[in-house]
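Each chain gets a letter, A, B, C and D, in the order it is written, and its residues are counted from 1.
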Amino acid sequence: DPAVIYDLGGKFDKSFNEAAYNGAEAWKAETGGNYLDFELQNDAQREQALRRFASQGANPIVMAGFSWNAALEAVAPEFADTNFVVIDTVVDQPNVQSIMFDEHTGSFLVGALAAMKSETGRVGFVGGMDVPLIHRFYCGYAYGARQVNPDVELTENYTGTTPAAWNDPVTAGELAKAQIDNGVDVIFAAAGGSGLGVLQAAADAGKFSIGVDSNQNYLHPGSVLTSMLKRVDNAVHTAFNEAGDDATFKPGRIDLGLADEGVDYALDEHNQDLITDEMQVQVDELKQGIIAGEIEVHDYYTDNACPL
Amino acid sequence: MNPQRPKTAAAPAPASRWAIELEKINKRFGAVHANKDIDLKVERGTIHGIVGENGAGKSTLMSILYGFYTADSGTIKVDGTERHITDSRHALALGIGMVHQHFMLVENFTVLENVVLGAEDSALIAPSLKRARAELERIEDEYNLVVDPDAVIEDISVGQQQRVEILKALYRGAQTLILDEPTGVLTPKEADDLFRVLETLRDQGKTVILITHKLREIMAITDSVSVMRQGEMVKTLTTSETNPEEIAELMVGRRVLLRVDKGPANPGKTLLEVKNLVVADDLGVVRVKDVSLSVRAGEIVGIAGVSGNGQSELLESVTGMRDQRSGTVVVNGRELSLKGDDGAARARAAGLAHVPEDRQHMGLVTTFEEWENAILGYQDAPEYGGGPFLDIEAARRKAAEQIKRFDVRPANNRLKTANFSGGNQQKIVLAREMGRDPDVLIVGQPTRGVDIGAIEFIHNQIIAMRDAGKAILLVSVELDEIRSLADRILVMFDGQIVGEADPATASEGEIGLMMAGISQSAAALEARP
Amino acid sequence: MDFQVILSILDATLRLSTPLLLACLAGLYSERAGVFDIGLEGKMLAAAFAAAAVAAVYGSMWLGLLAGMAVSLGTTLLQGVAAITLRGNQLIAAVAINMLAAGLTTFLGQTWFGQGGRTPALGPNGRFAPIELPFVAELSGIPILGPLYAEVISGHYLLVYIAFIMVPVTWFVLFRTRFGLRLRAVGENPKAVDTAGISVNRMRYQAIIITGLLAGIAGAYFSIAQGSGFGNNMTAGKGYIALAALIFAKWKPVPAMFTCLLFGFLDALQIRLQSARLPLIGEVPVQAIQALPYILTVILLAGFIGKAVGPKAGGVPYVKER
Amino acid sequence: MSARTPLPRWADIVLLPLLNLALAFLVSGLVVLMVGENPLHAVQVIIYGAFGYGDGFGYTLYYATNFIFTGLAFAVAAHAGLFNIGGDGQAYVAGLGAIVIALALDQTHWLLAMPAAMIGAALVGGFWAFIPGYLQAKRGSHVVITTIMFNFIAAALMVYMINRVLKPATTMAPESATLAVGGRVPQLRQFFSFFGYSPVNLSIVVALLALVFVYVLVWHTKLGYALRTLGQNPSASRYAGMSNSRLIMIAMTISGALAGMVAINEVMGVQNRLVLDFVAGSGFVGIAVALMGRNHPVGILFAALLFGALYQGGQELQFVIPGVTREMIVVIQALVILFTGAMEGLFRPALERTFMLFSPEQKARAVSVSTAESES
């Protein structure tokens, strides 16, 4: 059976862990198969959980989160016959597949939409925990907004500095309110469970918000402008289907970007009234430009900086 | 048998000659049999004394009558009717009030608030406070019990606090008033005032039960007296038909010398010298105002004064526990720096020992075993272990020695200190402080709440130290004690030494007047008959 | 900083200090009665969950509020049985309550709603809406005061106003009623209360019942006023901050209000300072800004507040026979 | 009647806690029943998971190591009358001391790196507790508030330090560089294969030594005597010439240093690098451990083992029974704290009556003691 191990946020974090869970559930519904899963409580359990599943014969074992390097580097060689798939970080082992998402390009698109939608010329960003991954989101977002409107003013906030920041909608909502009070009228929430507070605050104030990871447009129709999709669910789904068999398993790094629909912006019946045809045309052009390599989006990971 | 609570406190026509009758009362605390088959009858309209050694079971018996504890067996009759007193509210309703040995006051409340607590008559306190204020004025007039109703308890003297306790009982309509060691903390003047109040009460037909260790008081104001020993009722006597020696012998089981026997002092060189000391209390109020005094080897200097006139701060400063604002303290020729919060260690190192006024609050850690208290303050001495380690065996040996020398009972150095009676706790402190042969001994209230057997012993120890050439500074509110122990008496009032008296010549009245702030010459004049 | 920003900060201050204030007052009743309570966090969390769950299922904020208060009360009574009747350690009892609430809320939430412990998002009837106070329009002409009234004073959730009304109410109850007199006495010297014929344990239970109800409102505020729905551990340590505020305020209601306002203000300020570049210093690390309220608390405490001495009998179960 | 005989000692320290533990499990069982699982099976899984095999037992010991340190940290301060709830933050910042030294020395040998890093961790953890101690001693700031605040400040500081200072540019995760072998504390499995892959390491020996250290410190040194005097009666300690302010600072510093040892176990023994929030609430568990262990090292040892077992057994439960989530484990732990810690008095009266009824000697003893005592 395949197995999935969620990171510390827990499987219902409304963020990538939950996306992973959704992918596994979708696979289950589709194939009727069984899968194993485990929620970490602390860092010491990483190796424990990996070994446990591997020795139970689970294959493949999928992990969500950027903190798996050490554990996986230790355990993967011990179980050469087991295939591992890790999402959001890169582990260089022959039986490990590392899936990375181009968060920056997806964020670029929603940043562009934000700048187009904004009437005040001020767009905001509320991140979850202040970590490089979230800076990567922000940097892409900022580049996208600047692309459309070079004079756009950007406000960047983070809910917190501990993992609790993923789950603090109250603070996130306050950050959003503060931004709105400052004239911001579109806010991108890349904050896991905390993002719900941003979406709510924007809806309460009659402004616009942008969801993250999964499609959150339905939460406040008319207020959620779009969502930056990061298809962890698809990645898990695919991994469950393919990685268990050495014939289809592809070790090494895989980058999922706009071209492979690993990241994207969401358009559905809940937000189609918010995004005009011109906006859609313009953003799709940008998307094609990035895919074609004509537009360069700065990747925070390359230099740990976001030179604007 | 009537388990129902009576509605009104005021008892109607007395049905019986006895206000209180206790029969076959038994009470155990775990292994301790505190009251054994106690019988006691108290006649209405009298003052009835109860005496007994520390731990005899007096407080326990009264707490049972007051409903604070429940007896294991036995019956209680109030005004001839058997009652089951289940809690204090019940006792109050039956017209029984009690002033506890340790006051039951809320320290940060005002007098008025303490008086109405539990006896409020409506959901809002304003009307109760108003009524209480009026009622207090009436009671004050009637008994001459003056207290400021708006003063906060922690700011007023113990004597005043005790008045509040009495007011509490009277406010609740007490017909029978129990007082547990009421004079332990009072000055002679305050005690006299109290007794006048008690006599007024008796004259009005109220009943008073008085627990005390002072036979002088028993003889002075009680009508009858009951003696308890080791949980049993030994005998009840009519006061006019007995004498202190008989009571003392019944109490302790042997003859007790009731007066202090000491030879003339033989003063040597000055060992303790205090110059121009100014000390403030925790709140920054200056309590000691420019005090100078000296104590020589081989003499006992007593400081008399109404409590709250700066004696405590003086003692604390001299012993290094409290920084002085200005002035110096010289012990044995060495000037003490009192700065920093470990001044007491430096004072000890200079050869000063200190028996504090309040043993439970300061001199002892009551949750420690006895031996741990036997080294308190001297824990760093090399004999209790080298380097950082504590030599427990040595400490226990020392404790056992002290116990033996001062006859502490029970002679068990592993017993928790809280479980020793007050008198024995005092002996533990004395044994420790005297045992190290200090040059200067500072003693505060050495016999407060201690039974007469122990008082005799403690006084003898203090005199023995003097005769061994030590300088002793004694602070006590017990004028009798000061007069019989001290070789010189300094009277303190409002932070200053207002006069010096010779115990051999000065009358009690003269000293008493000085304690009230009347200047020495005026006091001498006024005290003259 | 322009006027608009100041208004916005003050507005947020009221919003953010409300749950602290409610929890702080809750703790005040308990601690004044001699029962130390580091379990405010757990009570609020339990209440937040119950309020959101009931509001989501029945679509009524009022039922939600009641449920929050009821559950908080139940939790408090459980703690009371341990700490008062059984004379257990008050701190352990509270620690257990905090853990129990943290675990049970998520566990039950997952069992009932299947959303990982979250409750479903609340509809308009499930959630308190801001209230416009009267005369906003009439006063709008007055400079400074007009906007102040409109933006800062008006337009909060009902529970915000309840919290601030509870300050004088608490003051009155504590210092002007028989109940308050006895309550304060029982925290200072339970023996005095006992000998006055009042049951110490009954007084303490009465006190913690109020604690439970107020903590319940505080918890409900998180999930059905400020937020819309319950999220795991959504009280995020506010119970401990409220406790700190209580000590800071030396267990007095009016200082408690000012302390909570101060904490709320620091929080609001922190949020707005995050991306600001300060003159001279340049960009301050966001962590420094986030730690600012805590650092300031420490500085204020050390510099100005001095010693805080709590109710004397606090933390000790009452045992009649020594 | 109202007379009560104290329980025999064995009943007090063994029987009563066992009864309470049984009750805690009984109530937890109801929770397990709620998700439709067999509670007996669950208990079996927990016990097996915690003690039944080498790996599991190793994890139990690994968790217990942390809890011993934080429990002792709380206890030392508590003996001095200080309620240090900042163990979490102190352990967290101590990670800085540990990692800096361990990284510097990881090309040498653990025999050098470990003691050096222990000193580093103790210094940093001790310093983090010293400040609240200083503020309490000199400024009267309530140590409970300041330690709460310092937990929050520590969290912010550590994120900054890890992300902006310690994180190598090549790593994505917020964590420091990984220690080379010379900077790691040896695992027990290197000596006893019994422990399988579990992360229990030599830190547990340090923990056991710390237990002895605290026992000696508190009951066999002059400093310990002074600390206890301060804790029981601050007026008495001032009377005795002890410097209360110095004692407060010393007690807090020792407390923080002990909490800091968690960093050795986690940073050098398990993670081999500094990661965010590696303390994972151990500081708070330590409070419960110390309170349950009555601030005595022996009690703390057993309480820490109990909590270690619950952590690891709970894990096992999650692996074996799919319906069980990590929140249920927290619930079970809370119930254990509630019943064994706060409601320990629940069975006492009943038990005392039972002993009175069934043990005539007990009755006789009570009577004889009372007469002996009152006649002395």
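Note that a residue touches a chain if its C-beta (ideal position, glycine included) is under 8 Å from a C-beta of that chain, and two chains touch if they have at least 3 such contacts.
What you see is a predicted model, and the numbers here were worked out from it, not measured in a lab.
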item	value
Distance-maximising chain from subunit B - centres being C-alpha averages	A
Euclidean distance of C-alpha centroids - subunit A vs subunit D, Å	37
Mean-CA-position distance for subunit B and subunit A (Å)	75
Centre-of-Cα separation between subunit D and subunit B, whole angstrom	45
Shared interface positions of subunit A, touching two or more other chains	10, 130, 161
Contacts with two or more other chains, residues of subunit C listed in rising order	110, 117, 237, 287, 290
Where subunit D touches two or more other chains, by residue	156, 159-160, 325, 329
Those chain pairs that satisfy the touch definition	A-C, A-D, B-C, B-D, C-D
Complex contacts: residues of subunit D adjacent to subunit B	1-6, 216, 220-226, 228-229, 232-233, 235-236, 238-246, 366, 369-371, 373-376
Subunit B-touching residues of subunit C, taken from the complex the two chains share	176-182, 184-185, 188-189, 191-198, 312, 320-322
Complex interface listing, subunit C residues touching subunit D	38, 78-79, 81-83, 86-89, 91-93, 95-100, 102-104, 106-107, 110-111, 117, 237, 240-241, 243-244, 247-248, 285, 287-288, 290-291, 294-295, 297-298, 301-303, 305-308
Complex contact set, residues of subunit D against subunit C	31, 34-35, 83, 85, 135, 139-142, 144-146, 148-150, 152-153, 156-157, 159-160, 164, 284, 287-288, 291-292, 325, 327-335, 337-338, 341-346
Subunit C residues touching subunit A - in the complex, by the definition given at the top	4-5, 8, 11-12, 15-16, 110, 115-118, 121, 222, 226-229, 231-234, 236-237, 267-268, 271-272, 274-275, 286-287, 290
